[in-house]
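All chains are identified by letter, namely A, B, C and D, in their written order; residue positions are counted from 1 within each chain.
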Amino acid sequence: MRQAARKHSFNNSEQLKSQRRQQRTVIDQKWQCASNVDSLEQLDTFHRAIRPYLCLAQVFGMMPLANVLSNDPQLVKFQLRSSGTFFSMLFLLLGGFKTMRLTAKLIEGGINAKNIVGVVFFSSGMIICLNFISLARGWSRLIVPWNGIDIIMLFPPYAPTKRSLRFKLLITGCTLGCLTLAEHCLYYASSYYNYSMQFLNCQANVTRVPLRGYMNKEFAGFFDNMPYNFIFIFYSFFLNFTFTFIWNFMDTFIILISIGLAQRFQQFATRVLSLANRHVTDAVWHELRMHHILLCELMDLVEANMSHIVLLSCLNNIYFICNKLLTIFTKLRYPINYAYFWYSLLFLLGRTCTVFMCASRIHEASLLPLEVLSMVPSDHWTEEVQRFTHQVNNQFIGLSGSRLFYLTRQSFFGMMATLVYYEFMLLQLDAKNNNDLPALCV
Amino acid sequence: MRQAARKHSFNNSEQLKSQRRQQRTVIDQKWQCASNVDSLEQLDTFHRAIRPYLCLAQVFGMMPLANVLSNDPQLVKFQLRSSGTFFSMLFLLLGGFKTMRLTAKLIEGGINAKNIVGVVFFSSGMIICLNFISLARGWSRLIVPWNGIDIIMLFPPYAPTKRSLRFKLLITGCTLGCLTLAEHCLYYASSYYNYSMQFLNCQANVTRVPLRGYMNKEFAGFFDNMPYNFIFIFYSFFLNFTFTFIWNFMDTFIILISIGLAQRFQQFATRVLSLANRHVTDAVWHELRMHHILLCELMDLVEANMSHIVLLSCLNNIYFICNKLLTIFTKLRYPINYAYFWYSLLFLLGRTCTVFMCASRIHEASLLPLEVLSMVPSDHWTEEVQRFTHQVNNQFIGLSGSRLFYLTRQSFFGMMATLVYYEFMLLQLDAKNNNDLPALCV
Amino acid sequence: MRQAARKHSFNNSEQLKSQRRQQRTVIDQKWQCASNVDSLEQLDTFHRAIRPYLCLAQVFGMMPLANVLSNDPQLVKFQLRSSGTFFSMLFLLLGGFKTMRLTAKLIEGGINAKNIVGVVFFSSGMIICLNFISLARGWSRLIVPWNGIDIIMLFPPYAPTKRSLRFKLLITGCTLGCLTLAEHCLYYASSYYNYSMQFLNCQANVTRVPLRGYMNKEFAGFFDNMPYNFIFIFYSFFLNFTFTFIWNFMDTFIILISIGLAQRFQQFATRVLSLANRHVTDAVWHELRMHHILLCELMDLVEANMSHIVLLSCLNNIYFICNKLLTIFTKLRYPINYAYFWYSLLFLLGRTCTVFMCASRIHEASLLPLEVLSMVPSDHWTEEVQRFTHQVNNQFIGLSGSRLFYLTRQSFFGMMATLVYYEFMLLQLDAKNNNDLPALCV
Amino acid sequence: MRQAARKHSFNNSEQLKSQRRQQRTVIDQKWQCASNVDSLEQLDTFHRAIRPYLCLAQVFGMMPLANVLSNDPQLVKFQLRSSGTFFSMLFLLLGGFKTMRLTAKLIEGGINAKNIVGVVFFSSGMIICLNFISLARGWSRLIVPWNGIDIIMLFPPYAPTKRSLRFKLLITGCTLGCLTLAEHCLYYASSYYNYSMQFLNCQANVTRVPLRGYMNKEFAGFFDNMPYNFIFIFYSFFLNFTFTFIWNFMDTFIILISIGLAQRFQQFATRVLSLANRHVTDAVWHELRMHHILLCELMDLVEANMSHIVLLSCLNNIYFICNKLLTIFTKLRYPINYAYFWYSLLFLLGRTCTVFMCASRIHEASLLPLEVLSMVPSDHWTEEVQRFTHQVNNQFIGLSGSRLFYLTRQSFFGMMATLVYYEFMLLQLDAKNNNDLPALCV
């Protein structure tokens, strides 16, 4: 059978020669890219696409990487003595201070399911931050092989994608960013409106709402102890914003990574699918299998670095969804409160759903080559093809939460069913509490 | 081994010749069918069997297809400018108007778990309708390959089925239709009886029940705002009927599609089973494997077009079953109320069960060939047979709800167990409410 | 490799001759058994072992089979005109009468979770009975192939088992029978003691407890309408006993069938295990694979006939366990009440556990050959061995409840976890009811 | 292909000779170890590493083994007439006495979910003890093959591990021991502080807390019936300590066994991983596959002996975690009570988590060789490699709880989700109880 294949190729020697010439050009190009950083910048690598997000994360103290703007992924490294690390330390310090103050207040006043939210929010923010710092430490070990695979998959025979990775990540990131910002603004609008209405209705002869009072209420009595000046107002607002950012960035980052990986598996599948009903030599199958192994190894690398963050993200989302749902039957006073509540609940649910759907697309793309493999005629059904089939069939490819669960559509369905349980039970535990509106003025 | 097979066939050359003559006749017939639409009409294709239902769906604005009565599946296409699309738009408009009125009433009066049912019913009806319109847009891409497979499987060597597909679909559809109609009538009977008894008992000196009052109560105060004339009565009744139809048609359609697919997998399995303990050439195995791949591709196509509808159907059924079960311990006033309640509950449960059982039959039929494959003697255990076995073993064939869950018997069991949980919890949440009968006259 | 194997066997021709002589003797014996019914009686077939239970079932109207005591399994057939069918009809009539009376009483008095038990008990008894009649109709199609496999597996090279199947089934059946009888007696003891204590304490100047009053109370006011004579007392007691028997026989029967099947899979595994580290020809592997297919086909046959009974048994057990557990915190008056309650609860739990453990042993025994197969040296790793391995690996062998769930240890664990949920929720729903003892005399 | 491999080895004959010389040395060493017990002592076997724990268990009557300090694992046997058995009997007797006294007290006073804990603690301690005695009876059948595998895997070509098994087990055991001891001491501190504060506050004119009163309260009125002297004080303290030890030792033992097994699977994987991208002869693959089978057989042996203990441990942990969580919202009087409660809850959760994580590492280590196997080039993809791949892929390797569930990360996640359910429900059942502090002085 192999001899026949060889004869066939011998006859088409002219065609082959031109093919070889093309291949040599591609190899030269790849070599140039791998060695020359400037030409690398022309390619639609994941490194180039994720770079803006790394910068953003650095500003908020999450990814302390040196040379984060560099074209060369090998230069983007964790450095202990860098501005990034300094930012991180600063944020951890300020955040830790805030968290401790909140905890102290909580212990004084007595714990219940509703006032614990603030502490959970800030302490989970700190844990997320630490996890991202740990990710930053291993970032160069992750992005360098990824870049290597990108260089392979951005040249023929891999077809270019309709939309560049950079464009996809930009659109996704911006959309999520805007939604987050809208949620944050709506939160302030809702809480300020509440405060001002209460103030105007309950205090006779007052027409102007004092900002200081609102500040003090919003930031948990912060200005009882601190002088009321611009710096501390800025500090308070900034800290709130940062922690909201951290909280949303975690999910966004998982989504971006998933898109990046799914893209490569999709490209791989597209190449295999283009081979359907064509004569394919064993060498090509071998190359495909080797590339598949490369992709799997990349997947393992991502998994090893990200799985704790995925677990944290899921637990976090479940907790905050449960918490939001708990007050679903509570009557609210003003339309803006309803607007904020429903917007933020749907945003949370949508974000969680997006994380699962994007991550599950990796797994689904990884199974696509199977279709072509079953169509390979028996004459060309060599050991290489068989092993490739076996490999695709038997290996689970996809993100997991510390391997406690895998991000697939089915596990998402199970998680939602469990969430409905929990919700029913929480509602029952909460049933005896009075859900009517409290008096406006105490 | 292959040489032996060839020798064997050489000896039986006479027999072979007649076989070939037969095969040629079959191929000619097939060719004629594929090219000539009138002879296609003689065949028991799925297109012919589902056609009446497509017509019905078109009348109710669900499947806006042009040439829906045509013999040729290629002509049955979605057209933007057609009567079907006009009907769909009209229904969506009327339905949307009704839904908005109901929602407005709901928000005025305050939401609770019981008065939300009407809004859910109408809005889910709208969503179902939109999903079916989307299905109609891709219908020709689905039915043309299906018809191709039908032509293959309606000729030898595939054995004809005992009962034609058309007959099966007709019986199933009519049975479900009658049960739906009975449920709908029972609903009116129950609600009219309630109204008239209340009217006769509470209003002194009255012997005739005014229809207008009943209409107004039944259609949520519709005639407070609208003039009371024949057109609006018809509109009200018709809208109610249409949405009940849509709601039931979704499940019926999934059942019909499942029967159609299961039939083909069953026929395929029957052919394979007939080969047990017989000498089968590699060419036949190859043909079988290719047909299996064709069936799998059809399955994928159906899955891609239907999975959202399946998910919608399951969520819908679970919601309405939970809702019905919630009032299972509520005392009712008249026997007809009990009759309606139990009939409609059992109908709902039975319909859900039928959807799962029919859909799971696809999966079960797809596994039948394995038995014969394990019986193939080792002399004839070629690579083709091995790959065929592998293919049947490793691929999951069956309908899913957006791949969040698969319609198998085991997932049905799991869903029922979950339903029992939810029910227990809902009963508990509902436990404090008084389940006694309210006063008849207020 | 095969040539080497042949040479090897050529050298040991003397040894082979004696082997062949032995084999011929065995084949002769088998043939004799298959043709001569009297010699069949000497063998430890499943038919012989289950026969006493079939007789017992016939007496209680469950298995209307003709020639149930015959040695020849082919004669044990369902016959419409036989004493068995007459018994069945009679029991169904009497049972139906009782069930209808109970249902009528229930509807009169109002339904709740506690007084519905009696109706569920009797109507499930009727359904079980009908299922066993349906099993009886297919019994000869089941037992004849089973007997064929028994004849194969009771001769060398299959090793005889330490304890005969008959002995095992006898011990299991008798143990379960005795436990059931004890439960039944304890029930009467407990209820009679309650009645007599109440009678003696509440009625002044009475020293003898009237049996008639007890009878009337026990059999739900039966003697209010019927004359109080010996026949009707006997009828009442007998009906109660019969339905208790039916209820327990179902589980016992599943256990016995499981033991029978597990035994054969165990014997098969033992033979394969004895081949470890020995030179095994391809013919032997082929024979083993064919026997494995025979066993699998038997399993499918049993599954097709029994799966509804298995489902019924599990649902039944879950219902009665939940029901018993519901009253676990209810205070009881006398020690004998406690004794009955705990004995019957533990008996129920133990019986359910035994059903699962016995049934799961089939699956476990079916996986045992894998160990030897992985030890086969590569020189002897022929296609036969490979296919055998594949077959054992990829086929699920075991009983299921209408394929909604499989009887394995893991599903048992899941079922128990679910039972704990249900129990917690039932306890909560029941929590508001007063669990104190009611006044002794009303 | 094999001939080519042979030629290749023929050319490198010189190299081979030196290899063979090395191998012979290794075999000699192994032989010496297997025969000479003293040289065995030099090796880092599991027997040597677990020995101290066996001694400890013997002192507490759990593992009645003779010659427990012996270097030779074959001498460590269960003997009926030994000091170990005597200790075990004594403990069972004393424990049984205590358990019966507690049960009697419980029945007198009425059972509820809170006072049943003591009886569950002592009776589960007895069951654990009996299970360990049963393990001791099969210990020599387990440790002798384990030692055999240890001898194989402690010599080249298996690489030595960075940290010796003995060291790992020592660290793990000591850490867990210290944490247990701290928990035990904290318990006494908390209960003594409670008693003394109550005594000092409620009894006027008293400055010294009588130890006897505390003793009597702590040991459930033990000294009401017994003379108050040193022996009985010692007995009481010792029994409490022993049962706490037993309870913790069970989990510790599972962890130690898991570490031991995971280490060997890890070493095996390391050897396979070192073969990546190298030319490996079929003989080496065969040796590897045989060693893999040896490891699997060891796993089966451990599984058969330990699975009941694993089940017991999990059920035990779930019960005590649920029980602890039940009082999570109960107000406590003193900081030391809070310290004890939270320390012991976190200790319990951490211990359960450690059991699952350590046990799941076995499964994970067993899958590591797959990566290398997929990298084997097609020229060297012999039947041996294929079978090895198949073996690693299709066999589940890991500890289970009587095969009802497997100790993997995913089942741990499921168990935690279930625990949250149970907890919610228990909290609800408990909701009506008053969680305020009772009066200090009654």
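We take it that a residue touches a chain if its C-beta (ideal position, glycine included) is under 8 Å from a C-beta of that chain, and two chains touch if they have at least 3 such contacts.
Since the structure is predicted, the reported quantities are computational estimates derived from the model, not experimental observations.
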| item | value |
| --- | --- |
| Type of subunit A:subunit B copy interface by residue overlap (half), same or different | different |
| Between subunit A and its twin subunit D, rotation from the CA superposition, multiple of 5 degrees | 90 |
| Approximate Å spacing (C-alpha centroids) for the pair subunit C, subunit D | 38 |
| Chain centre separation in whole Å, for subunit C relative to subunit A (CA means) | 53 |
| Residues within subunit C bordering two or more other chains | 421, 425, 428 |
| Contacting chain pairs - touch in the sense defined above | A-B, A-D, B-C, C-D |
| Complex contacts: residues of subunit C adjacent to subunit B | 282, 286, 289, 293, 382-384, 387, 390-391, 394-395, 402-405, 418, 421-422, 425-426, 428-429, 432 |
| Residues of subunit C that touch subunit D when the two form their complex | 364, 370-371, 374-375, 378, 381, 389, 393, 409-410, 412-413, 417, 420-421, 424-425, 427-428, 431 |
